[in-house]
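Below, chain A partners chain B and then partners chain C, in two separate complexes.
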Partner chain A sequence: MFLQLTLSGVSQGAIYALIALSLTVVYRSTTIVSFGHGDFVMAGAFLTYVLVVAIGVAFLPASLVAIAVMFLIGVAFSRGLVRPIRGGPHIGLALMSISFGFMLRGIARTVWGREVLPMPRVFDIEPIFIGSVVITGDALFIISIVAVLLVVFFTVLHFTDVGKMVQAVYQSERGARLIGINVERFHNFSWGVGAALGAVAGVLIAPISLLHPDLGASFLIKGFAAMTLGGFGSLAGAVLGGLLLGVAEQYAGAYIDTTLIDITAYLLIIAVLLIRPRGLFGRKVVVKV
Partner chain B sequence: MQTATGTLSKRRRIFWLVPLIALALPLLTNPYTQFIANAMLIYTLVTLGFSVVIGNLGQLAFANTAFFGIGAYASAIASTSLGLPWLATIPIAGLAGALGGFLASAAALRGIRLYYLAIVTLAFGELMRWFYTHAGALTGGTDGLPVPRGRDFGLALSSGTVQFYVFLAITCLLVAGTVNLLRSRIGRAIIAVRENEIATASLGIPTSQIIVTAFMWSGFIVGIAGAMFALHTGRVFPESFGLTQLIVNFAMVLVGGLGSVVGAVLGAVALTALPEYVRAFPGMEEIFFGVIVMVVLLVMPKGLASLLARFSPIFQQRYHRD
Partner chain C sequence: MARSNSLLYLDGVSVSFDGFKALNELSLTIAPGEMRAIIGPNGAGKTTMMDVITGKTRPDSGDVYFNGTVDLTGEDEASIAELGIGRKFQKPTVFEGHTVADNLELALKAPRGPFATLFHVISGAEKKRIDYLLDRIRLGPKRGELAANLSHGQKQWLEIGMLLAQDPKLLLVDEPAAGMTDAETAETAELLKDIARDHSVVVVEHDMVFVRSLEVKVTVLHEGSVLAEGSLDHVSADERVVEVYLGR
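Showing the complex of A and B:
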């Protein structure tokens, strides 16, 4: 029971980790918290759905197209809508991301209507039995994709020249500018990567859950909870926070009450910010005055 | 200089004409426009409450729909369970909203600001919505809670026209109250926190408490707006207090002008009337409000209030830096 719960928690948490990581990438590189990111996740799932169900593309190419399109949408959003108001107050930037996400949701709804539609199953991986623990094909698929993605992500970040450049901009934007890094282009790229990572999460949930235009909001909060728990702005913290949140939801649902699954994330956010605002790995966030 | 500001504030007395003109409004209109006019008054308060926190205080907050819902449910519960007349539920809704404001912003006392505060308030709002859905015995769950309109102090509150006058009186009182609050020491401290929190704190002003106070005032007036909403719609549902409501409120605040009292009224009036025409198609409302906010941010970041200020200095935002 305990192992089984942990396993489903990790598979669910892997998706949260991805969303939290995508939020962190944007936050670390642009200091903007993307409040519309849940809708990027939804849009990724939605595009995959439309390509697979309405047009009849196979799942794998459909998901790659969806991720690429979301990357471009992220870049376009950064160039067209964020750049003009970058000098302004943070409230404006947050509102810009919210309203862009809201627009995406509206577009999905005009196409989708009010119905909730399941996507046809795409992978038929046999479940694996280890003693009394069952690993479903979906869980296996999600965990392995996310694991590969994370390994690639952190390898690029820590062991390549591009990664070192990225770290340089993270450390000091001004310093990066001085050594000739095009920070504007870097911001656009980060929004693209953030949107694409969010879209990967969307693609992964598309075949296993019911899709509807509003699903972004709940995933956004899960992402925030994961980020808060892991430590705001910490990439590794986002991943760990996501996994812990997924597991915590399963435990809370099984050992206390199933309705608690929905609010574990909210309770976690409130508890972490009241008890240890910097989370597990974050720097001190409290404004000392 | 003294005389100049003196005449300016004298000329601002012209604003009292607005409610006077509004008094005549129900005589001219049909029940449908009446309904919209009532909604405008409700949203004026919601927008104003929101504007105090995000405009004057300069903090990002998502708990506005939570305060709206808390007020609506407090009013509905007080009238169904306690049998109180609707008017008597108004102070209860206001106090419940203020308590909500305290809870949503309590993290500010721990030094939590901006994005973190935004995330806490977002979680608080969603938590409240979960509560409405799951505390079925108290809130009626997804079926919602009816608001009895029979019990009142001799006022036929089921009539849209009577509602309008009651709403108008409440709205005027709370708008005047907010204007006065913003002029007071607390109000100036609220704006000082937005401009420079560290400098404000160095003057010995307890900035965290100021933030909580602003949230509580916001919760108070939005809570009362919630009670009005409960009466206006006749039934309170959890779904009325979700994220769609939130973006509509954001749009109203922005279109009117962040932190401007005149702007709050303008934004609420403009955007309550318009979307009636876009509601017919699923998704159009989201696109409409999303695009409106984006366009306003790009083209007119100070909102309609700043356009009016070009015509006459009486519309200038006294509480906003240019």
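Showing the complex of A and C:
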């Protein structure tokens, strides 16, 4: 049972990891906490649904189109709505992301109301039995996709010139400007990547859960919990935090009470903030006076 | 010197902040290949002058020309940097999470956009350039070390190297000797003299011993305009300079 719960937790946690990573990409690049990010996840899921169900596109190309569209929406949001107010107070930037998220949610509500939409089955992968442990097709697909994506993401970040530049912008915007890096373009790129990663999470959620316009809100909380656990601003921490949160939910539900699954994220945020505010991988802030 | 023969030409430049004149009819000319030291008390306008040259601050009036023909008052910071004016701030701005060599690689003139850099592979020529720069800034043995582990002086040298990587025509260097050990200060003076062989350099500095070791023409700023100009011995003998700056 323990192994089965762990596997289910990793599968669910992989989605949380993607959401936390997408939030962290934006936060590290722009120091903005994207409170509307859950709705990027929802939009990715709904775009996939529209392409598959309404237009009849196959799941894989539909997913790629949805992710590409969300990348462009992220870039457009950064250029059109964030850049003009970037010099202003952080609360304004946070409110802008919330407003944009609610706008996406409003569009979904206008089109579909509050009805719950079922996505047709897309993972025709036979389950794998290892002793008493069952690895479902869903879990196998999600874990495989997320694993490949994370390997690609961290390879690009650490072993390519674009990764070095992204990290340079993270470390010192002024320094990046001094050596001729177009920081604004990298901010736009980061919002695009953040929105696209959120959309990937949405694409993976779409076939395994019922879709509704408000689904982003709960996933946003999970993303924040994972970020808090891993350490706000840590990319690797966001991933590990997501996986740990997924596993923690499964353990709490099985060993304590199933009603705890929905509040594990909140309990985790409170516990981490009280015990280790910087999270597992967050850096200790030293204030020099 | 005529504007057409100058590398940097400022004439009658004034800048006001809330009624305070940071620059007051400032006129200054730097020749190609020249190294110049700028000294003066706090509030003399040294930083504002650098801000005007690099496009960070727009002057209220006056002319600022680069290479005799380019009007810098109409350009933004990024385009001024591309024209060949590099600035090193007092506080080093290096990428501490990257190695010394990576810092220089990032600074090289190369594709800059997220997509252009995605598949960019460092060329043999770029590697040679990095090796050359590492030797020039005295950091050859430190190439694989994280910039965070360098001393304050070495970080200053690395940032100078990052400026050189962009091959600027003019380097603006703000208080390079601040916070350095005596040995690092002496080495920095040698480094700047070496750089001045093939670049124009403007050094803003408070350390008179350091300025003397540069052996260059000195401009003294006071209340936003030029108070005196000449060799350090010449300006040091000027009673006005002694009164407003050296005598303090």
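Operating definition for what follows: the second predicted complex is superposed on the first by the 284 of 289 C-alpha atoms of A that agree within 3 Å, B and C clash if a C-alpha of one lies under 4 Å from a C-alpha of the other, contacts with A are read in each partner's own complex, and residues count from 1 in each chain.
Just so it is clear, a residue touches a chain if its C-beta (ideal position, glycine included) is under 8 Å from a C-beta of that chain, and two chains touch if they have at least 3 such contacts.
None of these values were measured; they are calculated from a predicted model.
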**Request:** Assess the superposed three-chain arrangement around chain A: do chain B and chain C clash, or do they fit?
**Result:** fit
**Message:** How many degrees, to the nearest 10, separate the directions from chain A's C-alpha centre towards those of chain B and chain C?
**Reply:** 90
**Request:** Kindly classify A:I130 by the partners it touches after superposition: chain B alone (first), chain C alone (second), both, or neither?
**Result:** neither
**Message:** Contacts for A:A94 in the overlay, against chain B (first) and chain C (second): which applies, first, second, both or neither?
**Reply:** first
**Prompt:** Can A:L274 be said to touch chain B (first), chain C (second), both, or neither?
**Reply:** first
**Complete:** Larger residue footprint on chain A, choosing between chain B and chain C, goes to B
**Message:** For A:R105, using the defined touch cut-off, is the partner it touches chain B, chain C, both, or neither? Pick first, second, both or neither.
**Reply:** first
**Item:** Partner chain in contact with A:T259 - chain B first, chain C second, else both or neither
**Value:** first
**Message:** Nearest approach of chain B to chain C by C-alpha atoms in the superposition, in Å, rounded to an integer.
**Reply:** 16
**Request:** Across the two complexes, find the residues of chain A that touch chain B and also touch chain C.
**Result:** none
**Message:** Quick check on the complex: what are the chain C residues that touch chain A?
**Reply:** 77-78, 81-82, 86-87, 89, 93-98, 102, 105-107, 109-115, 117-120, 122, 162-163, 165-166
**Fill in**
chain B partner, complex, touching residues on chain A are 33, 35, 81, 84-85, 88-92, 94-96, 98-114, 213-214, 217, 221, 224-225, 228, 232, 259, 262-263, 265-267, 269-270, 273-274, 277, 285-289
**Request:** Using the touch definition up top, name the residues of chain A that touch chain C in the complex.
**Result:** 156, 160-162, 164-168, 170-172, 174-175, 177-182, 185-186, 189
**Request:** Within their complex, state which residues of chain B touch chain A.
**Result:** 54, 58, 60, 106-107, 110-116, 118-120, 122-124, 126-127, 130, 134, 197-198, 201-202, 207, 243, 247, 250-251, 254, 258, 281-294, 297-298, 301
